[in-house]
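To start, I am sharing the structure in question, which I have written as structure tokens.
The chains carry the letters A, B, C, D, E and F, assigned in the order they are written, with residues numbered from 1 in each.
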Amino acid sequence: MHLRDLAWPDVRDLSRDMVVLIPTGSLEQHGPHLPLFTDSILATAVAEAVEARLSEEVLLTPTLWLGASTHHLAFPGTLSNSFEAYMGAIDAVIESLIPHGFHRFYVLNGHGGNTDANSMVLRNLKAKYPELTLGHSGYFAFVPPDAYAVLEGPIKGIRHACEAEASMILHLRPELVRTDRLRDDGMEPDPPIRGLVLHFDEETEEGSYGYATLATAGKGKVLFEAAVEGVASELAALAEGFILRSLPERS
Amino acid sequence: MHLRDLAWPDVRDLSRDMVVLIPTGSLEQHGPHLPLFTDSILATAVAEAVEARLSEEVLLTPTLWLGASTHHLAFPGTLSNSFEAYMGAIDAVIESLIPHGFHRFYVLNGHGGNTDANSMVLRNLKAKYPELTLGHSGYFAFVPPDAYAVLEGPIKGIRHACEAEASMILHLRPELVRTDRLRDDGMEPDPPIRGLVLHFDEETEEGSYGYATLATAGKGKVLFEAAVEGVASELAALAEGFILRSLPERS
Amino acid sequence: MHLRDLAWPDVRDLSRDMVVLIPTGSLEQHGPHLPLFTDSILATAVAEAVEARLSEEVLLTPTLWLGASTHHLAFPGTLSNSFEAYMGAIDAVIESLIPHGFHRFYVLNGHGGNTDANSMVLRNLKAKYPELTLGHSGYFAFVPPDAYAVLEGPIKGIRHACEAEASMILHLRPELVRTDRLRDDGMEPDPPIRGLVLHFDEETEEGSYGYATLATAGKGKVLFEAAVEGVASELAALAEGFILRSLPERS
Amino acid sequence: MHLRDLAWPDVRDLSRDMVVLIPTGSLEQHGPHLPLFTDSILATAVAEAVEARLSEEVLLTPTLWLGASTHHLAFPGTLSNSFEAYMGAIDAVIESLIPHGFHRFYVLNGHGGNTDANSMVLRNLKAKYPELTLGHSGYFAFVPPDAYAVLEGPIKGIRHACEAEASMILHLRPELVRTDRLRDDGMEPDPPIRGLVLHFDEETEEGSYGYATLATAGKGKVLFEAAVEGVASELAALAEGFILRSLPERS
Amino acid sequence: MHLRDLAWPDVRDLSRDMVVLIPTGSLEQHGPHLPLFTDSILATAVAEAVEARLSEEVLLTPTLWLGASTHHLAFPGTLSNSFEAYMGAIDAVIESLIPHGFHRFYVLNGHGGNTDANSMVLRNLKAKYPELTLGHSGYFAFVPPDAYAVLEGPIKGIRHACEAEASMILHLRPELVRTDRLRDDGMEPDPPIRGLVLHFDEETEEGSYGYATLATAGKGKVLFEAAVEGVASELAALAEGFILRSLPERS
Amino acid sequence: MHLRDLAWPDVRDLSRDMVVLIPTGSLEQHGPHLPLFTDSILATAVAEAVEARLSEEVLLTPTLWLGASTHHLAFPGTLSNSFEAYMGAIDAVIESLIPHGFHRFYVLNGHGGNTDANSMVLRNLKAKYPELTLGHSGYFAFVPPDAYAVLEGPIKGIRHACEAEASMILHLRPELVRTDRLRDDGMEPDPPIRGLVLHFDEETEEGSYGYATLATAGKGKVLFEAAVEGVASELAALAEGFILRSLPERS
């Protein structure tokens, strides 16, 4: 169900076991070739495709598109929410529905920069309401490793405005890709030191990371559908409920 | 321009005198007959129609759809942001663009419950950056009084899920109106006492206020187009800049 | 009753149906002719006159005089509270009395710049305690339109350090008016654009807005007494309680 | 000078070396015999008497009367501000005046429960503006020890609604003292343990602490005048400026 | 008991009447002669010595070493927590243990700059949980006046990096004292004005206050043991509980 | 260098290119067999061993031991800081040193529950001070995969109170391990759903996760030394500085 389209008596009559699905994105620079809304387009598209498959199990909210993007602010057009306001919005969505009996919430993220905040706000909610079922993940984490084999460049995963993201936008919204500006970009610390906090104007020349010149709509279709498949199957399971089982005995 | 569709070099090349237009809405109950997204649909539609007329003068952001709606929370499906997070989001949009030279911002609101917060966040920004041009208003304030004459009921204005709002949704998104559930609703304090803070489960029976049974798509078209015309003409003026002139001498 | 003058056993013995009346003002520039405390003087005087009429129905707190006045800070002497601290004070007054059973609270405001914050803090309290009766308004909203006819200038209402305010201070505290400095002042955007957030050093030359040179104590007496009459009659009604009645049937 | 009575050009013309004097009080229970406003009455009276002596050196603000009084909330009528809002108000007063060149600020406190907060807010301001001269103290700390000899009871100082406070209110506002309800009150932990945080409904039977039955207006006059003398002499010195001198050499 | 060394079943089995002892310190400049950790070393040493005597009555947490030290920030190496984060940590320790039944908490402070914040956070907790027993004090307040007679300089108490502190560090951690850099230091306002908020780069030449050149390990031993004795005897009493008794009748 | 042991002139004379190393831990339940301080013991031990190797390159602060541990609060003894206060402390450490010229900061974490917050606070600092070099990681991320081969159980990594952690505590502080209580524990959702936020009283029976019965001091030594080696080599590199190099050309 699309929450936005319902009237309140429709919501009153829904099963409280539905998974409330909350997509999160960003509006931030994605290189010279992709639109600022890339992450929001992708998270929304995955979420809507999942809802289309699971309309009785999933209650989909509109996308919280204003993400945490300070690392992209040097590039004009990027809008970065504060962590407080970003987390406050997710908290507000969930707190609004708890008194009406909903108890399963899943944040489906399209922007890596939101991950810390998604975790933190859900942990705070879990501390306050231990009986809730709460989860979050990037849609990209649901893509099985073998699907990434479609990528030709050396990075087998989704980075930023890269071969994978450019391919998926070519698949979903080709009119928004500036194909004449596709380029490979990205820089790494030498010597390698883990855990550095870097900005994209340090890490790239023009704001993308990876091998966008290799992007094709066909690859995008593969990745997108793999993500939808992955999310749908886990959310379907979540809507059924789960139980906790002990670790396997060590042999 | 639609900010979401641009890539960062496109933003880099825009005129800094454009008016950044930020629509704000809600996702809250609108009676048994209208969708939860009513306010967001209307603010977005007005803003997009204005952008279509003034694409060189207006830089349109996506709609901040999660409004301040505590007065509707008793009805399931309503999502209410905290004032802090709601204001934080507007602040973040504007603060992200200031370092890149944009200096004219206008918040176009579709939900009366956001008005206090829109004012407060812009006043704080004005205090911090006195040189900015900042403004906000409900789109409904741009409808000239004579346009409201199209309404047949005794309320000549836009309230909540009323003749006017139902008409505009019938005009814009008729498939979302439960015409079989249209009803008149609303209650007023007796004796009248100004300034009471009431919730919609006190003020109404089923969440709407006014004479929705009188709604027609035709009325909605009149009101919607009047709003677009009003917003467009003032924003066009704002994009030209304005000067301050002394009060007229009293005769 | 004046809360400040009571001892705690006196409060213990009061009716919990009394309306707790909380005046709010400012200490901000009011042109070269009026004292910084103008808004606080007026709100306090109205509130005290109302208490004098309704001492059994109204429990009057001292005036929260430190208002939200960033738009006046360019003029020396203005003190502006933050919105957070301003709202925190109102919240604290009400939260302190709730556990002792008081349930009717009315904020009587003397400064337009406080309006957003008065609304927001009461809405937050209403969300937390839906059973409370909460209201707020400027004292000036209680003046009936025909009383404003006493004003000779083209502005038929109360603006800032204007014909109306200067008249009321001449009525109440004539020794504080610098009659040798009375002046007309004020500027408006051309072309007119609604909802702009402007500062008083933009909107005026010396900090007042309107036709102060027309002020007389006699006009002030009329306006002041009309305000007192309006507030007293509505608060008397509020102390009786009110009921909610359906909208009139449309004919 | 009384800031509240000035118009902004008057403030513009003041010396920036004046000490801005900010009285702080409370509205909290003071036993069955004293008014809720006791602390505010006393701090205000001392401050006004000091201003009367030093009108060229002292710029007096109205009293911030809403103090931090959670330890009295069990007694009806007490209003307790949050620490945040209380500190926010003091911060706001000072931050409003800094841009206009004032640089000496003194908080004169009438309520022991405000002391922590007065210290904290001034320390934060000092960290932000190290060049400011900032100070705070209870008015009672300025009473020299020998003046307390006027008290007949075993407590030679000012506690709460005690011999000293009751005497000063008898001196200043005798009509507000319920002389028929004067009583001795107060409890102490046994065994004595320093630093316990106790509430007044634990520490007293009816909210006062000490020997109020010994109060007389004559004692109150002595104490009040000693406080005024003490404050006035130190603020006069502060308005002259001070220098820092090394510790004496140890012999 | 040292909380840090226990496993959770050990805590489960403890008496809930134990006093949870929370030492607080700082990491801030202590002149050229003492280590930055001076306050934390001292508070920890006193607390550990008390725990050694009262292991069944006291549950000791690790030291919250990051204190409120803005007044020392001009000297490199000083780390100053914000008041919010400092208070938040104490609050968190106590809030974590309340649900498990602990109800007696004592903050033992080694740094004067923490006093306001210790008081404020405990007052907030007491307001929320009036049934708790809460207390706080500097360890130095437990030293009886006659023990200070061991000091040869004119200051009979503990200031900052002074004769007393240097002596105690010489007693406890002599290897950390730069005896070649011991010096007397400190400045006072002339004329004396009470309650000024001064920074240590104003009040001293090199960051200490008092007569450190007089320090000896022997004096340190006397003072340290007196502090331990004082704290231990009061905490032992607290672990027994206390009752509140009325003030003595005045004769 | 150990910051805590220095006096301020020692800090004044340090190279500003040193890496300020900030260990973070927790005090939270670690099953029936390990001490509450496990994470803090481990992070501190690694950090101190690294400092011992790199005393000229690393400036080590004391451990911020009060971590974010709401997921363990059901087990008595756990202390959980709020995210705000936890992040505030890290922010305060870094903000205190920036004005003195330090510009390289690394947070070495011993508790997985701190990761979100470590990232968030450093991202906020990077947004404010883009020129800083900031990084954070768990010490466990520095252990090379082959070192984990020493573990016999099926989990090749560090979880919670598991084979790895128990082994390291057996190596470092064997007297704190309740070897009679070692047990295997842990539960997983079935069906597997990624990203669920679970509490340890849901995920385990007695608070540990993994195969602690396999722990040996010998394994602990291997893992601990591998961690120290890993951290030391990367921090040594960081103290030299790093440059950013473009991604390799794709072949």
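Couple of notes before you dig in:
Note that contacts are C-beta pairs under 8 Å (C-beta built on N, C-alpha and C of every residue); 3 or more make two chains touch, one makes a residue touch a chain.
Here the structure is a predicted model, which is why all the values come from computation and not from measurement.
Graph distance from chain D to chain E, where chains that touch are one step apart, equals 1.
A centroid comparison over C-alpha atoms places F as the chain most distant from chain C. The rotation relating chain D to chain F, fitted on Cα atoms, comes to 120°, given as a multiple of 5. Chain B and chain F have Cα centroids lying 48 Å from one another. The distance from the centre of chain B to the centre of chain C, with each centre set as the mean of the Cα atoms, comes to 28 Å. Contact with two or more other chains is made by residues 73 of chain B. Chain-to-chain contact here is organised cyclically: the chains close a single ring, every chain touching exactly two others. Against chain E, the residues of chain F that register as touching in their complex are 3-12, 27, 29-37, 40, 61-62, 64-66, 73, 75-82, 84-89, 91-93, 96-97, 99-100, 176, 178, 181, 207.
By the touch criterion given at the top, residues 68, 70-71, 73, 83, 106, 115-117, 119-120, 122-124, 126-127, 130, 133-137, 141-142, 152-154, 184-199, 202-203, 205, 209-211, 214, 234, 237-238, 242-250 of chain F touch chain A in their complex.
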